[in-house]
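Both complexes shown next keep chain A, but they swap its partner, so chain B is in the first and chain C is in the second.
After this line comes the complex of A and B, so read on.
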């Protein structure tokens, strides 16, 4: 799709579209819904169902709109008697092999076949009724497959293939064909990751959520558009609820990915180890208590602990909302007088914040979406649907590559994503700065990128000069790459129009991570690309922007003058300690929020520990006070995702416990210590955040020449993930095993 | 209806029965049957579902079942497949049916209205009867019939009282072997009406 506009006529309406846009999508954008059954947004059309045929002036016969692209001067008619006849016949034929089950079918109301039969007024099939009596696959607790309802549109096969999971395929040909797995095995005997992309793709009831039949009709469900906070991908989700219980979670956008955890783990909301009331430890046992009592106990302890602010710490997981993060750091800085406020992001990313502060003054976002990218560079990111590390990002990248985009992977290991890479640069451990410098040198020296392509950035001329005078051979040798490989990668970059670069903990956890990120930002400025810093948790960018870090103030403010004035108090001077030191022990008072990654048998890190959690995890097991917190679809607030965009979380169901959000608790504690917060409801916090904590809108990038260096170390292993299942932080590689156990038990 | 021809380009001359069909119903069944077996890619709905239905209907027509709605269904399938199929193969096979419907509609209608297959190819509608006036009771047909569908005694000279040769209708599969073999053309084929 280009940026050039073309003029064409649809049904007598003269419209302008970007050139090369899919005709069905284009028509929909102006309110003309061309009926279709096998069309998938953002994917190449196949023209299988023939429902979307339209008459094109100049063409002898009608042609399918999904396989056509917008062109200058096109004139199409989306309806006519003969087209209607064909559409009716296709529906008629499909109905003859479809169980006419609308009375009890859970898809009623959102079924494409039902809608089209209604629009075209096809009551029953004129052809003989056929039933193939296929077996239903209900082997796992997640996805149920009933091939008797299948209309053979092939959408599930195409999405499963595009994201390279390759589980579903057609078996047989023609009318009796069936969509199934290899050797027709039930899903739980395959490598299916239960992501449910097929669930969202199926237009009828052939693929449905397990147990969906009994849970209510579509029109009885209330949908809330919110965001999943279980990992760094922060996928938008639609939560359907009925009578206060979650019925299902789906993707709000067509053909978008949600993983099995985001889609199916809502039953963890009522898990046995869910913390339901505040608890205080007395005589070694946790006893239930009231919020009033809990707050009193905590604030008494805090009142005495704050006389030595260096020994007080506040630590939250980076999956809390912006409002939570802001109030927590305000409690630390304004009320207690300590800079010991941090999030778990610093355990795996010590580079993004300092690097972006230097380059942009804030964590800048990406303006374009991955679906527009024709070249993707992956640096130090081992995203994988199979080990459930940032699975959505892995799926999105693979889908783009399936659609023709090129992929360059820079990673010393043979990561799974490299199997679809156009070029895998296997650089030596820690030599990313050299490898990127080599790429830039080749691009500039061989004149592969001209100045018009570059993003606006200060200091780019210096970077360009440095690149043109670099020794490519030496840089390649440092990085352990061959000059030929680097040249090929550079040529791929040169041919691209919308390059996007992803990086994650493989880069940001190293000791030279700041330089690497800056170098990546230099490269992207040169080639007119976008950089996406991907953290392992949903709100890594947001908690940094809110100042929940000893290194940053809210809004990335350069100094605390404005804040001190607004908060009516001086800001603490002494430097604060970070998450690692806080968890290693030695504090008098530690307020921990969310899933803090500690292993079994963890020793209490402070004299007095408050754990504000959703489920009893290892951290809470030794805490003095345990408080219930809202869980992943119960949270309300905002986050900033890895695109740098602010996303709203809306509470989909009432919390299954007597909870208080962390921002609320922080406000209560502040008030109990005599600080006037003026915060009653969430909107009060949002207002304050808007005034004080939002980073500056537009900033120009500053690039600087980076001397290549070799980095060492890595915080949390780049292949591990912080995904949680029913409250305990576990190794991501164990998740598949646990899920399989859970459904066969 | 059937021709025996010599096949060239082999080391030993081989006689192969090459069947040339003339009944439009049988022709279509053969074409569509082959299409479904081999050429059809089965990726687009009109062709994949429509050809299955069409073959089903044609087979019923060959059995003499049907009504005006069958013809209109076939017409509809052929028209829509011609317009809507994804590739030329589907369109081609639809075209032949459309032509058959246009040129030989009355022959098709005869099948269900009168139970008549003009070309004597739809075996469900044909009956083989031995014309006893012509029959010389040579017994060749009995020997030729592989299905034991001919009953009769070979006439030997002067004996009186014989079983006339007749076709046992329940066993007859209309393979045409008896008619080919009969030296006096006593085996006749009828179609249409109460056969």
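After this line comes the complex of A and C, so read on.
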């Protein structure tokens, strides 16, 4: 597509489009829907289904719109009688090989074939019916494939290929061809990750969620757009509910990606280890109790523990909402008088908050979307669909690369993403700052980036000067890279228009992580790029903004004056301790929320421990009081995703337990200790968050010259995925097994 | 074919000058299938896996490409390939009987191979000598005007091969 506009005529309507736009997408953008069965938005048209035929003035015969591009003076008709007849013929032929069981078909109502047959008034095929009696693949608990419904549109093949999973393909040829796996193996014998992208792409009933049958027809389902909080990718999801139960979870956008956990783990809502009522330990055993009793026991303990606030801690997973995070830290700071408030984000990322505070005064987001990126730089991020670490980020990067974007991977290890990299810079362990400095030095010295493309940033001239006076050879030697490789990577950067840099725990958990992040921000400012800090949990940026950290106050406030006034109390002065120290024990009182990643046999970290959790986990096993919390798709509130954007969570189903959200519990405890919160409903918290805890709107980046250093340490990164399910830190290799258990639970 | 050490540029030849890397590796597939099959008489899964890894092509695509062509086989084939013509003329002159006799004798269905890999039984559309119907081929040889005696000869030659 170019920036040039062309004028064309569609069905008598004169319209302007960018030149070279796909005709189906262009028509849709002005409200003209050209029927199709095989077209995927933002992907090259393949002309497989022949439904999108249109008349083009000057062409001998009708042609497929999805394989044509907008050009000056084009005149097309999308709905003439001739065109309708051709489309009827296509539907007639497809129906001759498609079961006509719309009355029990789970796809009725969202089936594209059904819709088109209706629109064109084709009741049945004039050719009779042919069936190959293909075997159904229901080998796994997630996805069922029935090739007898398949209309060979190839959408599933293309989404699977574009995201580089490469499981489904056309096999055989002609009328007997079939979309299936290598050697027609069942899905569970292939490398399939059960992400279900094929499922969202299938326009008919050939690929379906296992167990979806007879669980409700499409028009009976109530859909809620919310956000998955199972990992740092925080994907938008669409939850379908009927009679209070989740029926399916899909991606709200066509041709987007959500992973198997986000799509299928809703069975864990009613898993056996779900905490359904408050429990108090008596005689060594956890016994069910009432909320009133539980709150009384906790507040009594807290009232006495408050006399020594340095020994009280509040710790939550970074998958809690902003509202939860805000109220929890307020309970700590304003009511108990301690800065011992933190989230699990500090276990795997000790760099993002300090570095961004220095550079922006807040965690800044990206203004562009990954779908616009033509160059992606991956720094210390081992995202992988297969190991189930940030799977959606892996898939999105791979899709972008399939679409022509370049990828530079900066990683000492042969990570899975590197297999699709345009350039893999295998730097020496911990030398990220040197490698980035080398790149900047080449870019500046060889005049590969002009000043116009730089982001607005204070002190950039100093960074540029430092780069131009540094020794490329020495920096490359430090980083263990060849000058030639660095130059090639720099040239890729020079050619790019929208570069985006992703980083994660591979750098942010290291002891020189702050410098690495600042250096990455320098590079990004220099080349007019965007930096995306990706945490392992959904709300890493949000918990920092809300002040659920000993290092930040709500809204990244520089001092506590405004807060003290609003909260009508003095703020504690003593520095607080972080997650690692809290989990190491020695406290009088610890309030733990969500999935705290402790291993089996973990010893009780405080004299009195409260675990506010969705599922029984190793941490909760040590607790004196266990409280039920709303789980993913039951939560309400907001989070800030890795783009720095505020996303709303809407409860899609009534919680499958007698829950209280962490923000509610924090307010209850504050009130019971005599602090007036003025919080009754979630909106009260949201209002307070808007007044006191929203990060400043626009800030200009301040760059700082970084002296390259060697970093060590790897935090939690080494322990892999933080993606949780059924209340435990998941061993990637066991995830399918666990999910299957959840399905049968 | 030494799959680990394929010299992609050498195998692809002069046309490689105008192809990019992806086009070269994909373009090499059918050539490699033919070579592999001539050596092993079918395309074993392990060989295709090694080929896919060497060329950096996913297995789904490797199988998709190979399965498009009728000339490629994914299961071992027999030492002797017997193809019974079921074209119109042969059908009229008793191809059905020829086929069922062979099936019974060797205990295989159409398209199958005997357990001892001595023989594969297939059918064919027409071999172009309808005047000799019913016709069958044994490997490259054509046997025409098949009667009881000739069937026994076919059976004998398979067993002796």
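We take it that the second predicted complex is superposed on the first by the 702 of 745 C-alpha atoms of A that agree within 3 Å, B and C clash if a C-alpha of one lies under 4 Å from a C-alpha of the other, contacts with A are read in each partner's own complex, and residues count from 1 in each chain.
To be clear about the criterion, a residue touches a chain if its C-beta (ideal position, glycine included) is under 8 Å from a C-beta of that chain, and two chains touch if they have at least 3 such contacts.
Note that the structure is a prediction, hence the values are computed from the model and not measured.
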Side-by-side fit of chain B and chain C on chain A, or clash: fit
Partner chain in contact with A:173 - chain B first, chain C second, else both or neither: both
Chain A: partner with more touched residues, chain B or chain C: B
Contacts of A:50 with chain B and chain C, given as first, second, both or neither: first
Which superposed partner A:235 touches (first chain B, second chain C, both, neither): neither
Partner chain in contact with A:187 - chain B first, chain C second, else both or neither: neither
Which of chain B and chain C A:90 touches, first, second, both or neither: first
Contacts of A:466 with chain B and chain C, given as first, second, both or neither: neither
Shortest CA-CA distance in Å separating chain B from chain C in the superposed model: 5
Chain B/chain C common contact set on chain A: 173
Chain B residues touching chain A - in the complex, by the definition given at the top: 36, 40-46, 48-53, 56, 69, 73, 76-77, 79-80, 83-86
Residues on chain A engaged by chain C in the complex (per definition of touch): 160-161, 166-173, 181-183
Residues of chain C touching chain A in the complex: 45, 58-64, 67-68, 74
Chain B-touching residues of chain A, taken from the complex the two chains share: 37, 46-51, 53, 61-62, 64, 82, 85-86, 89-90, 93-94, 96-97, 126-128, 152, 154, 173-175, 177
